[in-house]
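Each of the next two complexes has chain A plus one more chain, namely chain B in the first and chain C in the second.
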Partner chain A sequence: MESRGPVGLVHQHFELVDRLTVWENVLLGREPRRGWRIDVAAARAQVNELAARHGLAVDPDALVETLPIGIKQRVELLRELEREPAILLLDEPTAVLAPSEIASFFATIVALARRGTAIMVVTHKLAEVIAYASTVSVMRAGKIVAQMQTAQTSVQALAQAMVGGELPPLAQRAATPNAAEPALRARRLSARSEADAIEEFDLEIAPGEIVGIAGVEGNGQTALADALAGTIPHDGTLELRGSRGTIPQDRQREGLVLDWTIAENVLLGRQRSPAFHKGPQIDRGASVAFAQEIIEQFDVRPPRPQAPMRGLSGGNQQKVVVGRALAGEPAFVLAYQPTRGIDVGAAALVQSRLIEARNAGSAILLVSFELDELFALADRIVVLFRGRIAGTFAREGFDRGRIGALMAGGS
Partner chain B sequence: MIDFVWLTLIKATPVIYAALGGVLSERSGVINIGLEGMIAIGAFTGVCVSYATGNAQAGAAAGVLAGALLGALLGIAATRFRVEQIVAGTGINLIALGGAAYGLVVVFGQPGASKQVAALGTGGETAMVVAALVLAVLLHLFLFRTRGGLHVRACGENPRAAEVAGIDPLRVRLWATATGGAFAALGGVFLAMAELDLYSDGMSAGRGFIALAAVIFGRWNPLGATGAALFFGAFSALQYTLQRSGIPSELMQALPYVAALVALAGFAGRARAPAADGIPYVPVR
Partner chain C sequence: MSATASRDAAIALAIVVVFGSVAMLVAGVSPLDGFAALLIGALGSSQEIAETLVATTSLLFPALGVTLAFRAGLFNIGAEGQLIAGGLVAGLLGERLAGPAIVAIPLLLAAGALGGGVWGALAGLLRARFAANEVIATLMLNIIAALLAGYLIGGHETTPLPPSSWLPALIPDTRLTIALLLALALAFVLRWVLRATVIGYELRAAGDAPETARRAGIDLAKTAFWTMAASGAFAGLGGATIVTGVLHRFNLALSPGYGFIAIAVALVGELDPLLVTVAAFVFGILQNGAIGMQAAANVPRDVVTAIEGAIILVLSGRRAFKR
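Showing the complex of A and B:
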């Protein structure tokens, strides 16, 4: 590998020291000195100058942990820019930004490119590629499979190149009967997770309905999901009829035991069910048969119930998690970012299975940071901002502009 | 009153040294449960070398060096080999305390306590009391005013971010833990060679653990930890003053420890450790 000058890298998950200030983070390792100590005045001036030059306003003395996520990204970007990189790598830079922040973020990046910095963006958001990049390369299984000028391609063509063929259409939505009773009813639900909180949250989900939660990460999604899953305490009332399936937000930490096999993992949550017991013992045959069923339905590879989970790709791991959650037609399904970090093909399959579960009468709560996913799946979208409902949209009335504005705290 | 203040300072000094060592290593991300052992090894080595050479200063220097080596041992275990730090620190305590007890028999031919050796005297005692307070201020300036201190803090909060910025977190942690060991050993030197002139088995008497409490009570801040150590020292001094009051002496001896426990229980919930404290770091490169 060769590059003319330093390479800057902005990580998807920020590499910032939360309990240091902005200037300390930006200049870490290159602090200006006066005698034995750091020249704080010079450091502050240096950061202010850098911020002004790139149009990225920050308060150099702010403690990073107190900053909203968009500003944290700015700090991370400034830290890299301080080194005057010849090449700047951005890894999923818009994953944590509201739609309005995305536009201003790319304005900065495009301006930077005009001034002579080569910029490489790794992303799965095809629309952003088309809107901002000049050339695009498609990678599949570690190889570059296509390279083209953005002006001469389209979102559809890119998606095809990513999958290596036609993407199967999503499952059709069937009309579902109006139910008398909601499957889930939350009244004035308040809860606090480590990451965020919800306050006085009201929600009903009918059988055969997908309710999508739109919002920038950190506005209460984790608290809502954990409260519904029963893993954190909550105030207010929560009524849930019948069984439930859960697709947790972090499949490796909350969903799976990576050192166990597929057959062992699909048993989790059903370990007390008589169907999987023979006397006091676990019925291994039944769990292998159950795993086989999920493997076939979801095209899990490798298709062996005894395969250790750790050896599966992220997409295949997620298929197991989703298959386990949807098996047995649960009355309520909690799906938190069900397609996060998996390839387009696996994502389409997961989305189709969710629609089929809905058609079969499951009530589904879908938390997603991808508006496209919500638009494709949801019957209703609820916008979450700072732990409260900022707006509700029925499928006929989905409005990208208004939802985006509400996500950013507008009205 | 003057007596009480002076006694407080004397009783606090070994805890201050050890607590400063604890602050330094924990700020870099290594929990040092082995402070107790480092106090003991500093005291024992100092006495032995003083015994062999007849030179108290040489003994003190050797004691500090021994503490640094023991600190480096913990540092290497915690960085290079990613050993669970609580286990490694406990191991160091066992090795140091047991080693010193055994060493008494080998070097002095008697268990329980060493012979009397050349010590630092009253002048040395005063100097070391003052030096402890000065060291606290210097460590504070280092941590919060210099580049090196900023790098130590970055490693204790987010070593990955530090590494991205070109700092080697494993080196910083090793250095901080070794230096912290030297600080703790100074506390041992003070106990055995300034307050007294001999090493006796178990003379560290839990001061390393009190120092750990002082680190938390002082919010991982050198001046705060010093204040907490003085608080402990005051209760120790109080215990001496109240010994004539007729309360059973065993009960009185427990007083400083009970005070530390109560203070910690009431306080610990509000204190926030460095985010990466005690978590082994796996470098990218």
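Showing the complex of A and C:
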């Protein structure tokens, strides 16, 4: 590998020192000095100048741990830009940004490219590739399988190249009868998670309905999901009729035991159910059969119940999580970013299975940071802003512009 | 986990060989002679083998307890205190109790398990109620147990137990008793519990992925409490078998650090009860062979204590820093 200058890398999961300030992070290891001391005034000025030059406003003295995620990304970007990289690598840079933030983010990136920086973006978001990149390479199983000018390709063509064939169409939405009683009813629900909070949140979800939660990360999604999953305390009332299946936010930390096999993992949450134990003993046969069922329904690879979870790709791990959540036709399904960071083939499969669960009568709450996903799946979209409902849209009235504006705090 | 664990065994072996050789060279003895004397001292006669198995037994009870706690993600370094608590209860009850063996022995063993269990549960309670670090809690409870024992017996040891309360010998004229069989049986039971039962499944989930376990409906606080209680019960039972089987009284010096060596035994045994049993035997050889080595090769037995200390330090340190 050759490069004409420094290479900058912005990670998907930020590599910042939370307990340091913005300028300390940006200049870490390259602090301006006066004698043996750090020249704080010069450092601050340097960061301000850098931020102004790139149109990335930050407060140099803010503590990184107090910053929202979009600003943290700016800090990460500034740190790399400070070294004036010849090449800048960005890994899934827009995964956590609101639509309006994405536009200004790419404006910055495109301006950088004009001034002569080579930029490489790793992303699952094909529309962004078409909109902002000049060339695109498609990777599959560790190899580059296609390279083209974005002007001469389309989202559909890219998706096909990624899965190596036609992507199956999403499952059809069936008409679901109007139920007299909602499957889930939340009244004046207030809760606080480590990341965010919701206040006096009202929500009803009918059987056979997918309610999508739109919003920028940090506006209450985590608190809402954790309150509905019953993992944090809440005020207000929460009524749930029947069983609950959850697809957690962080599949590896909250949904799986990576050191275990698929068969052991599918049992999580059902370990006390009579179907899976005989007396004090776990019924291994039943858990292997259950794993086999999920493996077949979701095309999990490798298709062996005894395969260790750690060896599965992110997409296959997620299939196991989703399969476990949807098994047994739960009355309510909580799906938090069910396709985050997985390949388009796996994502399409997960989305189809969610629609099928809806058709079969499950009430589904879908939290997603991708409007495309919400538009494809939801019967109703609720926009969350600062812990409260900023607007509700029925499927006939989905409006990208208005939803985007509400997500950003507009009216 | 298994990759780290098998490396644990290799590290322990390396420490024994390197550390031991250096210590022997410093003492002016050829390492070959020193290790030979150690092995002969541990396995050279049926008497010595029996004594090695006595040490094995005394190590295996607390090591199984430590294993159980580790599997639930709890670092119980309080096996020493739990063993003393169990031995103390058995000793205090034993000196007052005169009855047929069939009643007295099970009663004293159960009392020992209860004593150790309560001592472990104290740390479990602190963790479950106040999220107190179990390492600190168990460490401090070790000291409290030792001081409490001295206070309660008001001397160095209790009066001897009546012979009807002594554990039956396995080999006549040795100190090896049926406690060995009990420990072996418990190793199999623990293995079954961990591998095959719902309780074991939940306990391992809590240890391997606590947040996942919590979301799967497993009560982490409750699991921590009962695991620490059970872990302490294993060590306490061990203490009771030393009182009823080896010393026939409670003595303040009843443990030469079995509860601490048990940590190394558990880690070298890859936290698998059957391998832990093998590891307990290996450490039993070290423990008992040290006496023969001192007599035959003139290597101070403290060398073995130092080796064991080094193993505990390195292996626990690896665990602690991996998180």
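Some observations on this one:
Here is the rule we go by: the second predicted complex is superposed on the first by the 411 of 411 C-alpha atoms of A that agree within 3 Å, B and C clash if a C-alpha of one lies under 4 Å from a C-alpha of the other, contacts with A are read in each partner's own complex, and residues count from 1 in each chain.
Following the convention adopted for this analysis, contacts are C-beta pairs under 8 Å (C-beta built on N, C-alpha and C of every residue); 3 or more make two chains touch, one makes a residue touch a chain.
Quantities reported herein were computed from a predicted structural model and do not represent experimental measurements.
Touch criterion met: A:Glu15 reaches chain B, while chain C stays clear of it.
The larger set of touched chain A residues comes from C, when the choice is between chain B and chain C.
Residue contacts after overlaying the shared chain place A:Thr246 against chain C, while chain B stays out of touching range.
In the superposed pair of complexes, A:Ala57 makes contact with neither chain B nor chain C. By the touch criterion stated above, A:Trp260 is placed in contact with chain C alone, chain B being left untouched. In the superposed pair of complexes, A:Ala229 makes contact with chain C only, with no contact to chain B.
By the touch criterion defined above, A:Ala394 lies against neither chain B nor chain C after alignment on the C-alpha atoms of chain A. In the overlay built on the shared chain, the residue A:Asn25 is in contact with chain B alone; chain C does not reach it. Of the two partner chains placed around the shared chain by superposition, chain B is the only one that A:Ile38 touches, whereas chain C remains out of contact.
Residue ranges of chain A in contact with chain C, taken from their complex: 229, 231, 246, 248, 253-260, 264, 267-269, 271-272, 277, 280-282, 284.
Of all residues in chain C, only 1, 196-199, 201-202, 204-205, 208-209, 211-217 touch chain A in the complex they form. Those residues of chain B whose C-beta lies close enough to touch chain A in the complex are 141, 145-147, 150-151, 153-154, 157-158, 160-162, 164-167, 274-275. Touching chain B in their complex are the following residues of chain A: 9, 15-20, 24-25, 28-31, 33, 36-38, 79.
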